[in-house]
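Please read the structure below before turning to the comments.
We call the chains A, B, C, D, E and F, going by the order they appear; numbering starts again at 1 in every chain.
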Amino acid sequence: MNPVMMDRMSWIAYRDRIAEDSPVVFLPCGALEQHGPHLPLGTDALLATAVSAGVAARIDGIVAPALSYGYKSQPKCGGGQHFPGTTSLDASSLIQITRDVIRELARHGVRKLVVVVGHYENQWFVTEGIDLALRELGPACPLRVMRLEYWDFLTEQTLARVFPDGFPGFALEHAAVIETSLMLHHHPELVRMDLLPDDGPAHFPPYDTYPPRPQWVPPSGVLSSARGADAAKGATMSQELTERLVAAIRGEFAD
Amino acid sequence: MNPVMMDRMSWIAYRDRIAEDSPVVFLPCGALEQHGPHLPLGTDALLATAVSAGVAARIDGIVAPALSYGYKSQPKCGGGQHFPGTTSLDASSLIQITRDVIRELARHGVRKLVVVVGHYENQWFVTEGIDLALRELGPACPLRVMRLEYWDFLTEQTLARVFPDGFPGFALEHAAVIETSLMLHHHPELVRMDLLPDDGPAHFPPYDTYPPRPQWVPPSGVLSSARGADAAKGATMSQELTERLVAAIRGEFAD
Amino acid sequence: MNPVMMDRMSWIAYRDRIAEDSPVVFLPCGALEQHGPHLPLGTDALLATAVSAGVAARIDGIVAPALSYGYKSQPKCGGGQHFPGTTSLDASSLIQITRDVIRELARHGVRKLVVVVGHYENQWFVTEGIDLALRELGPACPLRVMRLEYWDFLTEQTLARVFPDGFPGFALEHAAVIETSLMLHHHPELVRMDLLPDDGPAHFPPYDTYPPRPQWVPPSGVLSSARGADAAKGATMSQELTERLVAAIRGEFAD
Amino acid sequence: MNPVMMDRMSWIAYRDRIAEDSPVVFLPCGALEQHGPHLPLGTDALLATAVSAGVAARIDGIVAPALSYGYKSQPKCGGGQHFPGTTSLDASSLIQITRDVIRELARHGVRKLVVVVGHYENQWFVTEGIDLALRELGPACPLRVMRLEYWDFLTEQTLARVFPDGFPGFALEHAAVIETSLMLHHHPELVRMDLLPDDGPAHFPPYDTYPPRPQWVPPSGVLSSARGADAAKGATMSQELTERLVAAIRGEFAD
Amino acid sequence: MNPVMMDRMSWIAYRDRIAEDSPVVFLPCGALEQHGPHLPLGTDALLATAVSAGVAARIDGIVAPALSYGYKSQPKCGGGQHFPGTTSLDASSLIQITRDVIRELARHGVRKLVVVVGHYENQWFVTEGIDLALRELGPACPLRVMRLEYWDFLTEQTLARVFPDGFPGFALEHAAVIETSLMLHHHPELVRMDLLPDDGPAHFPPYDTYPPRPQWVPPSGVLSSARGADAAKGATMSQELTERLVAAIRGEFAD
Amino acid sequence: MNPVMMDRMSWIAYRDRIAEDSPVVFLPCGALEQHGPHLPLGTDALLATAVSAGVAARIDGIVAPALSYGYKSQPKCGGGQHFPGTTSLDASSLIQITRDVIRELARHGVRKLVVVVGHYENQWFVTEGIDLALRELGPACPLRVMRLEYWDFLTEQTLARVFPDGFPGFALEHAAVIETSLMLHHHPELVRMDLLPDDGPAHFPPYDTYPPRPQWVPPSGVLSSARGADAAKGATMSQELTERLVAAIRGEFAD
């Protein structure tokens, strides 16, 4: 079947792997969210899965099925909930499924879990789900969890190469150069560079409003231009992410 | 990108499809659950998605990402929760994500939704999720929902051909002839016919126990033998499911 | 007071029984749901209680008060929620009261519990309630639970006698021959045979719709005719249910 | 069938009553709670139902099935949770079932509901359930609800007759003169006057402790002696409750 | 910083106090609720905090920040929810924050907690929060909790002095003599005696209605006149509350 | 009483203000969380309230009572949950109280609400609470909400003055120069500059672990040194926050 993807593995293969090697299990946390006209709605789940699979292949890890739906899109990081196609969960739903999946992995005997967030808005609710799971499992449970947003593993050097005119910061990197380059590397057939919008970078005030003001967000849903994205940059970043994640995970789970 | 799979479609393509054609949207509801040594843990999500995609391709529908995790496995229909790899949600989690996704699809303007259950244990919790969503959306919301377990669309004639010695009933059809044949048709690379167990059919009393008795369930997790499964049967069943689902959906959403 | 019905027993009598004999406790799970013009709304709770009391009388068991309200009626098994009088709970409510009652019985020292479902729609939510209770109580708790739908204990032979023209299956047995006969046996004063409707059997497609289509369901709420019901059949079935339940419970709780 | 008890009435009879007369519907809220050695565990539900039925018979009302389980017993009003047999719900469970039942009654067209509390501890959670139901139903819903603890309808004159040595107040009236007399009137077969304990009145400090101190509560569970209870007092109080409830309900629902 | 108020203490000071002296911690539970034209909306939190601080100063206790928002105001005890300014929580919210705060105090090593209710409507939901926290913490947790409504510590003698014409009972003491006198003692700058309304005492029937009838409640929100309130009475009552609370707490936590 | 603080205002004064001026209402969201040896546990609530009150005084606004307890402290922004004194809420509790308070303010007629977050970890749960409230209130509700973390209103120029050696970023600004300076300005009596720790700045990897590693966090709980903090910087920052918040709020609520 498949040595990495848990849903393409039999229970016996999975059981044996867990019992023998205590492998690192990855839980990618994505979303179904607009990513401009040139990227697919599933970009966050696809990239979180691709990053997880790349690392898992290197360290004999296992990737659980991604959480395909994430927390509600916010204007400043994902464009907001007014875009058709963006399909989001309430906080309590995301918290609970995270908790439930971790409870079950612990029952299987998993001791090393890496929760890979690919959708910025998920971070805090996933954190609560992890916390509730560990509280319920109790202090005797040997499960240890890392949670990370994968883009935080890009070095300044790499960002400098990807953004020769200066890295504008992660804040507007929605459907922009980083995600588009990574998609061109991992899923080129799902990128339509011919549809790249020219929306300039969004400018946001230092607060949020509810109901949100759609006029704050470029109509394309892209928060800053993806011009400059290419597959080579995606490969460079993907390789760095893999290397640095491998090192961090090995270090964290060494003892 | 992809004309059928919502997560591989841009939000603009999706928006236009919804606005122009009012297409049928499919929500496959799967599970991560043991399916014997010969089928992968993700079988239920894979088959619910395959069935949905087959129908959607015929009627210009759209398939939302599957719910990859389902309700707790029960001994009589899925072997039970004692198998490593089976990774299940609490009832309230499954209810809520179903409700949330439907609430969002309604916001997009979706009017025709088909919830395709591929994991028997999901049925009632998905039903509650649909009910809560519709109650919240209110009677003025034009969304109409069909919910179905796909195997209920197989005719007696087809079952007679698939089971030349007599159809033993759906009760024990977990990781058995139907699912194995369908997987051989849709995902042959994920089936290990060489690992097919010979466990005889399980015999269950007319009640359930909690905690469950693992000894009721064959050690392989297969409730009745998959001997007799082949890709041709899978193709036959797949074709019938598509035809009959197309007809039912067209009939239901015609008015 | 009363040696069987827990609510008609003093706490001291109950305490002594639990401490001395470790009796089997029964929790009937009913509903308040239309049962046609000839049966009362409380039929499911009345029958679940009657079956429980009959068995309890034989094995010195105790019957806790029935859950009088159940999960939402579905068109195919109970006619659906559009009937006045049908008074149903949300899933989470039914799950929680089941969990709470079981948690309390465990606190009392009950070790043997039989949850007797008399309303088909309750089954999965009661199951979740049992699971949540046992998870909370932890593996050291000695409580063991059986859950059953009482009609599953009728043998084919008896069904053949009750349905001389052939048993049409449990699917349409709502307010039909089995329930009407059992009510004629247990509560004849609550049956109005003079009001028996002649609605032919309902025909349902292999899917459900939401909102439901009331036209699928006979206007009387009876899914197949109760013609042929009589008290003698009720007595026969009641006796068989008692005998077979006694045997199953004794077997299950013997070790 | 039965003209008063909803669960012993067909849905058609119920529907016609609601449509024609807009009758008052009663929802008795009881408990399963120790009531000393001389009264049954179900006393609160039995009395709330008996009071409701008495009033309903006078004003052509309908009595819905009692909530048989109530909120956790407190030392000062019900003896506390340490008594075997006392079987209580978490707050959220009681709140939700109250909300659900009221939502359903409103759907049936009920416009006049009287929630009759027979278990002191239920009061606030039932209040929240009513509030949540009305909030969900919205201001256009014509349903109006009265909530009452039945003993508050006893006049000082009657209490003076029932307690010739002076009424000690409702605080300790658990399984004492009022409840015992009412049970002797309504359910004499369920009272064991021969087992009446002689525990003196309980004395409580002006605070509560958690975990509770069982030594605060007389071992019998009776907070003050039921000596002096008799059926005649029960009949007197029952008659007064009926008269005064009839008057209050007629007054409240007149406009 | 401050030796009594936890929020004005550093974590190190707090930690050392908990470790060295096992001090009594107080959790005042207030509300934001109308208190007539002469008292501020925060009266309940202010008085619960003042009472707690007075006692804590005597026994080297620590006062946690008050719960500033409480359960929904009821007509008979707080005037009801129709007053602007009254800002209340749903039951589940109040239950959960109570549970959460107690869970955290237990983690800090607190063994003696006094929950001081200053808003009548909070009592039962705070009780449930305490119960849920203790259930979660388990029987091995050394935390013991007292819960009290502070006015219950006033003696009959003091009430006779405060109400020379006879104490009408706590029922109507909302924004009346007791609260006004205590505010004149603790927070005179927040009392406007010149705005004291002359509304006579409210008269309520022995039931509640939903939706509530605002006409039951004096338009000022004061349930009985605060005429007769003065700072001296406030000082007298405050002193008695402190003395008697000190004694009760010392007694309860002595062993 | 008090013209700004809602809890020190009568309901009549509040009602009149809301009706006449449609004032901006502020909801400060704090925490009870370790802030090193030199700042009190309540720092976040105190500062969020001080900022709110400063702005409210300028624009005739009203400040509701702060949420005194916040979401669980995280190592990278607040030191983590292992510090005694840190007293945090579960996500669902914080979400619900935020939702409830906003629902109530909307009922009062409030149209302009500013939610002032003073505890970084609160942000996403407060966001969900706002979203749930607005969803429940419906699109016809005129309430508009701003949510902000107050420090985001500091300009680069001011930060350059406050940090002459270069602003290290907000990431480690927990109990450091900004908060300490602001406390010296607003609450000097609650700052112990003599206890200022010399812990160097914390260094965190680009991921989080659960259970957290306390060794990542300086033992004092201060993430970077507060050396350099003084009251003058606090006054400068406070003035800028007020000015810029006034401008933003006026602009946002002008139309």
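One rule holds for everything that comes next: a residue touches a chain if its C-beta (ideal position, glycine included) is under 8 Å from a C-beta of that chain, and two chains touch if they have at least 3 such contacts.
Predicted, not measured: the structure shown is a model, and the values here were computed from it.
Student: Chains shared as neighbours by chain A and chain E?
Tutor: F
Student: Per the definition at the top, count C-beta pairs in contact and tell me whether A-B or D-E has more.
Tutor: Looking at contacts between chains, A-B has the larger number.
Student: Could you check if the interface between copies chain A and chain F is built from the same residues on both sides, meaning over half shared, or from different ones?
Tutor: The interface is built from the same residue numbers on each side, given that over half of them are used by both copies.
Student: If I superpose chain C onto chain E using their CA atoms, what angle of rotation comes out, to the nearest 5 degrees?
Tutor: Chain C sits rotated relative to chain E by 120 degrees.
Student: Which chain's mean C-alpha position is the greatest distance from chain C's?
Tutor: F
Student: What's the distance between the Cα centroids of chain B and chain C, rounded to whole Å?
Tutor: 29
Student: Please compute the C-alpha centroid of chain A, do the same for chain C, then give the distance between them in whole Å.
Tutor: 47
Student: At what distance in angstrom does the C-alpha mean of chain F lie from that of chain C?
Tutor: 55
Student: At least two other chains touched by the same residue of chain A: list those residues.
Tutor: 90, 92
Student: What is the sequence of chains around the ring when one begins at chain D and proceeds first to chain E?
Tutor: D, E, F, A, B, C
Student: In the complex formed with chain D, which residues of chain C make contact?
Tutor: 1-2, 5-12, 14-15, 18, 32, 34-42, 45-46, 64-69, 83-90, 92-93, 96-97, 99-101, 104-105, 107-109, 189-190, 192, 195, 221
Student: Chain D touches which residues of chain E in the complex?
Tutor: 71-72, 74, 90-92, 95, 121, 123-125, 127-128, 130-132, 134, 139, 144-148, 152-153, 205-211, 248, 252
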